[in-house]
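For reference, chains read A, B, C and D in written order, and residue numbers begin at 1 within each chain.
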Amino acid sequence: MKPDTHVKIGNIVMKNPVMPASGTFGIELKELLDFNKLGAMLPKSITYKPKEGNPPRRIIETACGMLNAVGIQNKGIHYFLEHELEEYENFSSPLIISISGYSTEEFIEMVKLLHKRESVSGIELNISCPNLAVGGESFGMDPVATYDIVRAVRRHTDKAIIAKLTPNVGDITLIAKAAQEGGADAVSLINTVTAMAIDIKTRKPVLGNVTGGLSGPAIKPLAVRMVWEVANTITIPVIGVGGIMNANDAIEFIIAGASAVQVGTATYVTPAIMEEIITGVEEYMITYNVNSIEELRGSIIFDSSDNSCS
Amino acid sequence: MKPDTHVKIGNIVMKNPVMPASGTFGIELKELLDFNKLGAMLPKSITYKPKEGNPPRRIIETACGMLNAVGIQNKGIHYFLEHELEEYENFSSPLIISISGYSTEEFIEMVKLLHKRESVSGIELNISCPNLAVGGESFGMDPVATYDIVRAVRRHTDKAIIAKLTPNVGDITLIAKAAQEGGADAVSLINTVTAMAIDIKTRKPVLGNVTGGLSGPAIKPLAVRMVWEVANTITIPVIGVGGIMNANDAIEFIIAGASAVQVGTATYVTPAIMEEIITGVEEYMITYNVNSIEELRGSIIFDSSDNSCS
Amino acid sequence: MKDSIGIVISNEYLSDRYYKIRLKCDEIAATIKEGQFVLFRCSDGNDPLLRRPFSVYRYFPEKGELEFAYLLKGRGTELMTRLKEGDQVKILGPLGNYFQIDQDTKGIAVLGRGVGIASVAVLAESAALEGLYSLAVLSGRNKESIIGRDFLEEAGCEVIGINDQDQNSGVENIRSILVSKIKEGLIQQLYSCGSNRMGRLVKELSEEYNLDSYISFEEYMACGIGVCKGCTCKTNDGYKTVCHDGPIFSIKEVEL
Amino acid sequence: MKDSIGIVISNEYLSDRYYKIRLKCDEIAATIKEGQFVLFRCSDGNDPLLRRPFSVYRYFPEKGELEFAYLLKGRGTELMTRLKEGDQVKILGPLGNYFQIDQDTKGIAVLGRGVGIASVAVLAESAALEGLYSLAVLSGRNKESIIGRDFLEEAGCEVIGINDQDQNSGVENIRSILVSKIKEGLIQQLYSCGSNRMGRLVKELSEEYNLDSYISFEEYMACGIGVCKGCTCKTNDGYKTVCHDGPIFSIKEVEL
């Protein structure tokens, strides 16, 4: 029997738990990936006004990961709604729009605009972009700011609201709790880890923006830990992100407590990887007799009985 | 002309900036590595009472890194002083002892004991071990606790005191400042990143301790960023640690602002790697006409003039 | 654009630090054009993680074959040198825009330096084969670092090899060669890759003589298809992606 | 103990998922003993990062050669299968303690299951060559997964191959074989590797018949020399490191 892979995030019903991580998915992928197979679509974060982004260089590969300081280059929400949104309307998977901003007002304005669009199923609040910091800190580093912003946008829509959390904090469960109390339908984590590389020949920072965000397999163990902590703390769904390269990684996040997962850097390496992950999760469920994602979610077992050597 | 590679940490004069990271160096290495070539020796953290350590499994490899949850298995400071210290006394490099504990009293007792030993040049306070947490948090996650503990031990010795900082915080510069104000002669960072892995076949955490510490090349970009931030904030020397695999990595940390570096995981991969790093740093200094480590330290250049494409 | 498998037909050392790999890959060979590139997956593991971009050096649609010339730089290209006949590699392509020659152009010059030769050589070859006057100015550190001379000459290109060792690779030397050809009316378009100095020369000459010229850029890439906005380059019209808006830019629109 | 370079002499597929690699490495071949292991650096990059432990399968000090039998498991061993004659690999060794046979022992039995055979086979061989009675009970998933029979028989060992497919690998079968040999006075010591079930059997028999028996353990390793305390295993005397205090433990001191 085909296992039941559907999951619910707020009032979004996804046919499987796999969606892209914002910033790593765009309409250009449609030739390489079947968007209709995805649990959801989630394009790159947009801002209220157009943003030019950071000066080059914007990316550099590091050990089993990459640093980026793109700085949310985008043409602004008005351009998006007029020219880009309709492209995604050709596909059946639910669409989640990621938004980012410098102020609560910007977030509210964007939510109001998105609320009016039927084709938008959910809104992810990117309050954690390390390349777009207000006074050196993103909203997502402070529980009060997180609560306030979620609460503020919550009033303006009943579409699913997902707060995307940053790992650059001491205790991520405090931020997750604040998002839940503010009225978020789910949280997604982790965004990139603030990091840096220096070119020893020129002695300059490699990235034009000096620091950037680390993503990829390097950060997976950190992401799994944080997802596990957060899933044990809050009751709304957790979406796991960070270094997911294959189905096994996705399953690891779900066992840790994630209801769904987002795939980022892996899509650069293999554009159709999400299709493989969706199939792989299903195969795992069949092999291990798991009937539903709900059954798998948070099913981590603590039992050290067979810790003896062999 | 041979460049001047010496550095000073408190009143320790090191002939070069390279020393081991605690937990990855021990007397067993002496057959494979010339201890007399090192800037300093720094054995595994010891505690007041003997510690059995965590249940197996204690290590697992992850993408470009490893997780460990050893839990400071050691025979206690009394055993160390009676049986192990003398082994290091056969070598000429300065000896720094890393200590860890559950309470300020334990730290003070250990510092008092070490203070009496002439062969001990410095003491590193491991207030950041994720596998040895007090109430779920290590001392090093809180500025006040950090200040208090450094201040408390400072009274009992004029030997160099180094506070080893954890990256599992929102703003590491606050902790570094607290350590400086408490009277530390230097800070070292970063300790491992708290992380986790789950075996999807058994659905159990891989590590007996559930979570562990991530080290290795995966975390280097995070460590470089934190060293750079801290070096820009405090005036005492910073010792850079995290994912240093070769001389280029060591140089990157020094350019970011580190006065010295510690090498951890790399020693497992290549036991004599510190010798190669010492030579490589010297060669770099010759090639790039750098006369002293002091000249190289913090020499990061901010200049985006040649950011155009090619 | 396809994420395909290429089968290695040959992988040989050329000279200096240059290598040439030939792949069988019908899908990509059938559609790729001069100046386009592909992303190679150099390892089946995570080291290196990202794919590496390489311009098509030559292509043979009838045979379904492609050639890439590459310079041994770091880990990715080091792993490429280890590939042998029959091995399979994942390649994504064709990517980016391509070199175009205006209808009324009677002759072109391509300027390639170092591995930049790999991007422009095929354009010079195609132009010559189509009966245009085609000049290839190939520059390198030394004689050995100049690749492609053989097939370019065979195709009927005029090839000028210059190198730092012989001290004839200075911009002034190239300028005087080009100016005389332009004045003779042989050349109406210039195409450059691999050197900012040559790029600036192309810009100057193009302004002076009103030529419709192009430059091919390189920048670190992640996705290669315009999604990540990681490979941007400043143009008169703001940041553009090298992988999607480029790699070829009109000389008019770029800062050099 | 040396961090040496081994030069690959041969690397061949054995059967099932087993391979055998032979290296020239004078330094390590000269000093290694039965039951010891080395750490292999499987990649020159970071994937995998840590070295992988392998027990010596056979060694030839006069020739300066070593053999390792290995099971294809993950990325590290996959990269090992790609090694070919003349390639160089970094190996650290010899590591750990070794199997010893008591002075007055006249016969031994080794019990190896799966890749555990690789650790104990050489002991059975050496014992037979020294004129002791030597029984090798080799167990596996199927006939193909039993390695070493050829050279063990040549050395004069009695070899009993059992496997799950033929349903003769149950503990009761092994017990009855061993008990009769022990009662005949042929065997005074048992050595086991690769199976907890066999380990428990060895423990029981050793207690019952007062045999001085040993077991070889495996655990994930980082340093391989006792520094990191990562590879511990619970003993009656607290945690001990498999790499430094082991890999061989007296059957009396371990929990199974």
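One rule holds in what follows: contacts are C-beta pairs under 8 Å (C-beta built on N, C-alpha and C of every residue); 3 or more make two chains touch, one makes a residue touch a chain.
Keep in mind it's a predicted model, so treat the numbers as computed, not measured.
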item	value
Co-neighbours of chain D and chain B - touch as defined	A, C
Chain hops separating chain C from chain B, counting only touching neighbours	1
Most distant chain from chain B by Cα centroid	C
Rounded Å distance between chain A and chain B, as computed from the means of their C-alpha atoms	33
Gap in Å, rounded to a whole number, between the CA centres of chain D and chain C	55
Chain centre separation (chain A, chain D; CA means) in Å	47
Distance from the mean Cα position of chain C to that of chain A, given in whole angstrom	37
Interface hub residues of chain C, defined as touching at least two other chains	46-47, 219, 233-234
Residues within chain A bordering two or more other chains	55-57, 63-65, 216-217, 307, 309
Chain contact topology (line, ring, star, complete or other)	complete
Residues of chain B that touch chain A when the two form their complex	55-57, 62-65, 67, 141, 168-170, 193-198, 200-205, 208, 210-211, 214, 216-222, 224-225, 228, 243, 248, 251-252, 255-256, 284, 288, 299-304, 307, 309
Contacting residues of chain B [partner chain D, same complex]	23-26, 28-29, 31-32, 44, 52-53, 55-61, 63-66, 68, 70, 73, 216-217, 245, 265, 267-272
Contacting residues of chain C [partner chain A, same complex]	1-3, 41, 46-51, 90, 92, 219-234, 238-239, 244
Contact set on chain D toward chain C in their complex	43, 45-47, 75
Chain D partner contacts - residues on chain A that touch it in the complex	63-64, 307-310
